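Next up: the structures, one after another.
Note that subunit A is present in both complexes that follow, paired respectively with subunit B and with subunit C.
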Partner chain A sequence: MSASTVPASSWDRVRGYAPPPRYLPVVATFALFVGLYGVGGMRYEGLSDPQVLLSLLLDNAFLIVLAVGMTFVILTGGIDLSVGSVVALSTMIAARTLELGWSPYLSIVAVLLTGTLLGLLMGVLVHYFQIQPFVATLAGLFLARGLTYLISVKSISITDPTFTSLAFKTVYFGEYYLRWTAIVALLTVVVAAFVLARTRFGRTVYAIGGNESSAVLMGLRVAATKVGVYVISGFCASLAGLLFSLYILSGNSLHAVGMELDAIAAVVIGGTLLTGGRGYVLGSLLGVLVLGMIKTIIAFDGTLSSYWMRIITGLLLLAFVVVQRFATRRQR
Partner chain B sequence: MTQLARSKAVAPPGTDRPPVIEMRDITISFGAVTALDRVSVRLFPGEVHALMGENGAGKSTLIKALTGVYTVDDGTVLVDGERHEFHSPAASQAAGISTVYQEVNLVPNLTVAENMMLGREPRRFGAIDVRAMNRAARKTLLHLGLDVDPATVLEDHPIAVQQLVAIARAVGVQAKVLILDEPTSSLDADEVEKLFAVMRRLREEGVAIVFVSHFLDQVYEIADRMTILRNGRLVEERMVAQTPRLELVRLMIGRELETLERLDRAPRTEAEGGAPLLTAIGLGRKNSLEATDLQLFEGEVVGIAGLLGSGRTELARLLYGADHADTGELTVRSERRRLRNPRQALARKIAFSSENRKAEGIVGDLTVADNMLLALQASRGWLRPVPQATRTRLVRDYIEALDIRPADPTALMRNLSGGNQQKVLLARWLIVQPEILILDEPTRGIDIGAKAQIQAKVAELAEKGLSVVFISAELEEVLRLSDRLVVMRDRHKIDERPNDDVSVRDVLEIIAGEAREQGDRDA
Partner chain C sequence: MPEPTLVRRALRHPLLWPVLALLVLLLVNVVVNPSFLSVRMQDGHLYGNVIDIIRNSAPVMLVALGMTLVIATRGIDLSVGAIAAIAAAVACTRIVGAGDEGALVTAVMAVTYALVVCLLLGAWNGFLVAVLGIQPIIATLILMVAGRGISMAITDGQITTVNNPWFSDLASGFVLTLPLAFLVAFGMLLLTAALTRRTALGMLIEAVGINPEASRLAGVRSRTIIWTVYAFSGLCAGLAGLVIAANTNSVNANSLGLWIELDAILAVVIGGTSLMGGRFSLAGTFVGALFIATLTRTIPNIGIPSEVNYLFKAIVVIAVCLLQSPRARAMLRPRRRRPTPAPVIAKAGSPA
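Then we have the complex of A and B:
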């Protein structure tokens, strides 16, 4: 019973360090990413350029932010299907309000507020009305998409000077560069990782995913936390929407169709269990990068059709879920 | 206060301290039903106080009144002589009352330290200080004599350790009163000892411990005083040492229980049975059971004794085909064939009632009638429904024969007490008219009355020629019912003997091997 409970000295711990099993999925995703990058770098000229990695970040900034929000929800054992639609709604609100001549800052506030409120609404439905997260956020998916059409059925391009300058604002590291959007995405990851690891709110998220009724009996703030994760996901979705509108500089009801599924795929590939309680935002970041890397390799290859992206994503998802299944079974 | 304590003769000797908790004339009703009727309980610092009573006696209602889950309709709760009203679990916890429930109410995916400290983690600059948290947790664990690394993940530990961590969490809040509600039901003997060591330590420190358990042995081993409840009323407050077992049982059920005596059955031997009905030779499965031989004759009850993890359940599952045997052979009547699944077993008139009543037994949202008929319907196949008249007759007959309460076929299964659920499960298997019935822990966690009824039924069925494999953690029960005894340890059979004049102590000695010293345990 008391095996492996011998108090180890710090030196022993350093010397005998092996990553605890709970980090293995993230390590696996990281290895996969490195592997893809390595193989791609050998096969295709130019892919090993570090700028490819940076471009990966800036091309997927919005997806990273989405995946971060999704990670919170999935960690509690829930799911948020509405985020793709909220991204579309956000691009539309931004484009339309700017077209109406709003101040860009007011426009940003309007976008973030809408997403956050939608998240709050779904969180309340899920927790207080005890509606399955799948159904509540499916309703949110249709609602947000419908609202987008209500604002405009046509595509509206964004020409506001503040927005366009934000969109192209670049940070240089020697000869390599990043856009601000990517930096916002990375900041989101850092803040989320801190919140999850080191705050009571974050630990409560894991506790709910581990065993919700225990969390209640332990006197944790389950209600606030459960609603909170949907609020965070809604906020992240609208933030991602802003990044997406900066990336694409238009508002369109057809933007981001199915993007929620990409986000879920990234989270799962990043090692987070759909049943909740296990996973890290860092994994989700890596999940997005893996998906992005596959896309990049296909683009570099040039002979592969883009649908290969979908096929490979599907296979990867399958592989990861099966591997997780075995990993968790061994633990029990 | 002190005066009141002296006015009854049962204050713990050597203490003239006032009670830490005094519940006076507590009454709680749900609609027209009075769950507790003017019940008074006193808890003194530094005692283990057993709360005794059958299911439905009001034990859990009383506990929930004390922990603030239920609000008291009438009566007063005094903590250290001061009146308190608990409207929420948080209020009760703030007054120093902590509870550990039967199921470990922790989160498996976080570390031991986090589980102990969740909600009150030490923080520095707004962030959780993991080091300080681990240090504090280790301190509490060491204080309880537990050598557990607080940084390890909870689910990597056995249930017993998890249960102890739950207690560590509870006492970490400076508990004055610790309520343990059936903490031992899933622990084996060694683990129970560990739990008791912690309880003794806390008792020495002056914590008042409320202990609820169905195991009389454990109550007699650890408790100092007890309060006996029956039908929502206080029967008596007693010192444990001055209350013989039979008297306690009488107080709990309110009548003499003849079934506690040995059931009168002429023991059967293989001599009169002729060929065995079932023969297993070298039956085994990797990582679960080593090669085991077993024979079962017609009308015979074979009792399987052994601790948790001894392989008793594994053997049952192999006999029934619920798990696959890797080695050995199984002969049922004259057909030699290893069973691959429960369907094949059922077709050979073998029935199996699992120890895991909740997960592998009842379907909570179906009615009593549906639950009873599940196995019969399954064995007929979905294309041949059981005629309505037959259904009604069967259900009525079995409700009556097994004295199932409420006697309402349309009641939802989950609303029945554990004992009655178990009777419905027994009925489910009896309806398919098996010739071999495997019962794994059929009486676990149910009250003494229902237990006696189930035992009597098993004995009666065996008289009529049913062969039974009876598995139970309670050795008394196994000895009472069996014709032949199989003792298991560490995943294999270590002994087999006819059950004549075998005592609990004999069995314990067999299980413990020669090494165990005599007098370690009283039968």
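Then we have the complex of A and C:
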């Protein structure tokens, strides 16, 4: 055959198309998500309803925002263990200030400021005092949880009319609907993706994760960026806390125990390298959706207990970490 | 250089600050409650706040003991809380499922079985770190995520209650007037100290922590050592989980040993073991664990809700880390050292 002389048809180009290797982890996560959805849709009646997909966004809005913040931190090679506690603190501040009769908008500002300040504190500890990220954010975990207990040991429910109307504000697409919390989460993803891909700050984040001393030698603003990612993570954690308090309509010191693990798992499943330097916010979104899909399937099945969620998350984490390990080893 | 006097040696001793902190904490308690330190004898056992503190320090001390060796190899073990929950779940379900629930044999078999499981889980962490070369924090994170699920799968999501006097003795029993839990922890500590400080093992662990590659080239089996250290940490965490479960005679997979890894890391750091690896102090860990237990006791004693103890722990973590951070020291030093004419000598004189 004289295949070599025939110009490549457009079909050949489509068939031979391979995504750039840097997108492979995200593609893999997407395939995993589609596969889970397909298998679930075949096995359980009703799971193929598009509303299930929208509910996935709706039920995991807070986790999406958390994972976005965590992505920034992990991209620089750090880790933020404090986010679960900051979520709890945010729900508590919102509930308590509303109970005291603050304006809901003032209360939102107070929540976001607290989270951002905590993030700033941890960023300063990590960068300027060279405390390892997990120890500094461990202190943040204790600090936020302790502050939550300091505000109230008991659960406080949120009854403010503005908050409850925000919580149930719904957007309809034909017969399907989405809450505002999910739209806020998606907006966060879009903004974060833009910042990482198109701004100087975002490129510096990748540079630090690749090699911090090179980034310093290149004259990049390493200090501001490194503190900045923890500030972003703190802000995202408090925003997630707000979304969580809208979702659950109460403040409780026992909220969100271990949620930081879910966020880290989502980021890793989304293909972000835990050593930093590689990964996309979109992957983290997909990671959250994969976790949410597993949860939905377990709920649809009915016979599986909820603790399987943790075990499956652990197994997925293991698989992705081991694959990452071998993928990065080959390139060296 | 002249022989340093006893006072100067004491001032430079690495344990000075942890011990001082512990004493200050005890002093606060005595000021609030003058009878805090009183210990009385009753039914052949010692009773009192101090005895309570050493009894309650046992789980943290055990976990911190394993953590000390892991940190000395420049690692970290985040999975200890989950392993503790698994150990408790295994032991309790074995006791409940046994033919004679109250027998000594049942308790011993259940404890042995649980400890073997924990040893294997620790070895799994060691496998990920030593053989696959995954960063310790990530490798142990996997078990931290999955562990509570496994523990719940073992107990089927229920709070399992056991009724075995021998098993509950592990937490509330007394031997020679002292709490058994403390004696177990202290015994493990002495055993570890003997194994690491009377043989070359301790030095080898420190060598691996300073530079794994160099120590491998020097003939140290760094892989085996890392593996052993994680398995040991798993074992200690399992023992701690058993003590916690025996204390309440039940296992709640969701809350048992929650955040104990953080307490243990805190105890290790307070004791002066560097998180960068390469050196460790078992005596420091001992003091650190006592400090944590005393702090936990102090907070309700001075009239603050006991849940707020996390806030104080956070402050202690930040303070200790800042004290150890070279950057913070450098920021403090010039102001203090400016009057001295020869800063070079001053610097050389403080290698502690």
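The rule is simple: the second predicted complex is superposed on the first by the 315 of 332 C-alpha atoms of A that agree within 3 Å, B and C clash if a C-alpha of one lies under 4 Å from a C-alpha of the other, contacts with A are read in each partner's own complex, and residues count from 1 in each chain.
We adopt the following convention: a residue touches a chain if its C-beta (ideal position, glycine included) is under 8 Å from a C-beta of that chain, and two chains touch if they have at least 3 such contacts.
Remember, predicted model here, so these are calculated numbers, not experimental data.
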Touched partner set for A:Val126, first subunit B, second subunit C, both or neither: neither
Which superposed partner A:Asn211 touches (first subunit B, second subunit C, both, neither): first
Contacts of A:Gly277 with subunit B and subunit C, given as first, second, both or neither: first
Contacts of A:Ala240 with subunit B and subunit C, given as first, second, both or neither: neither
Contacts of A:Val290 with subunit B and subunit C, given as first, second, both or neither: neither
First, second, both or neither for A:Ala136, with subunit B first and subunit C second: second
Per-residue contact with subunit A, leading partner among subunit C and subunit B: C
First, second, both or neither for A:Arg200, with subunit B first and subunit C second: first
Touching partner for A:Arg310 - first (subunit B), second (subunit C), both, neither: second
Contacts on subunit A seen with subunit B and repeated with subunit C across the two complexes: none
Interfacial residue positions of subunit A with respect to subunit C in the complex: 79, 125, 128-132, 134-136, 138-143, 145-147, 149-150, 153, 253, 257-258, 261, 264-265, 274-275, 305-315, 317-318, 321-322, 325, 329
Complex contact set, residues of subunit B against subunit A: 89-90, 93, 101, 104-110, 114, 118-119, 121, 123, 126-128, 130, 147-149, 152-153, 155-158, 160-161, 169, 191, 194
Subunit A partner contacts - residues on subunit C that touch it in the complex: 76, 132-135, 137-139, 141-150, 152-153, 156-157, 253, 258, 262, 265, 269, 275, 305, 307-315, 317-318, 321-322, 325-328
Sites on subunit A touched by subunit B in the complex: 1-2, 4-5, 7, 20, 22, 194, 197-200, 203-204, 206-207, 209-211, 213-215, 217-220, 277-278, 331-332
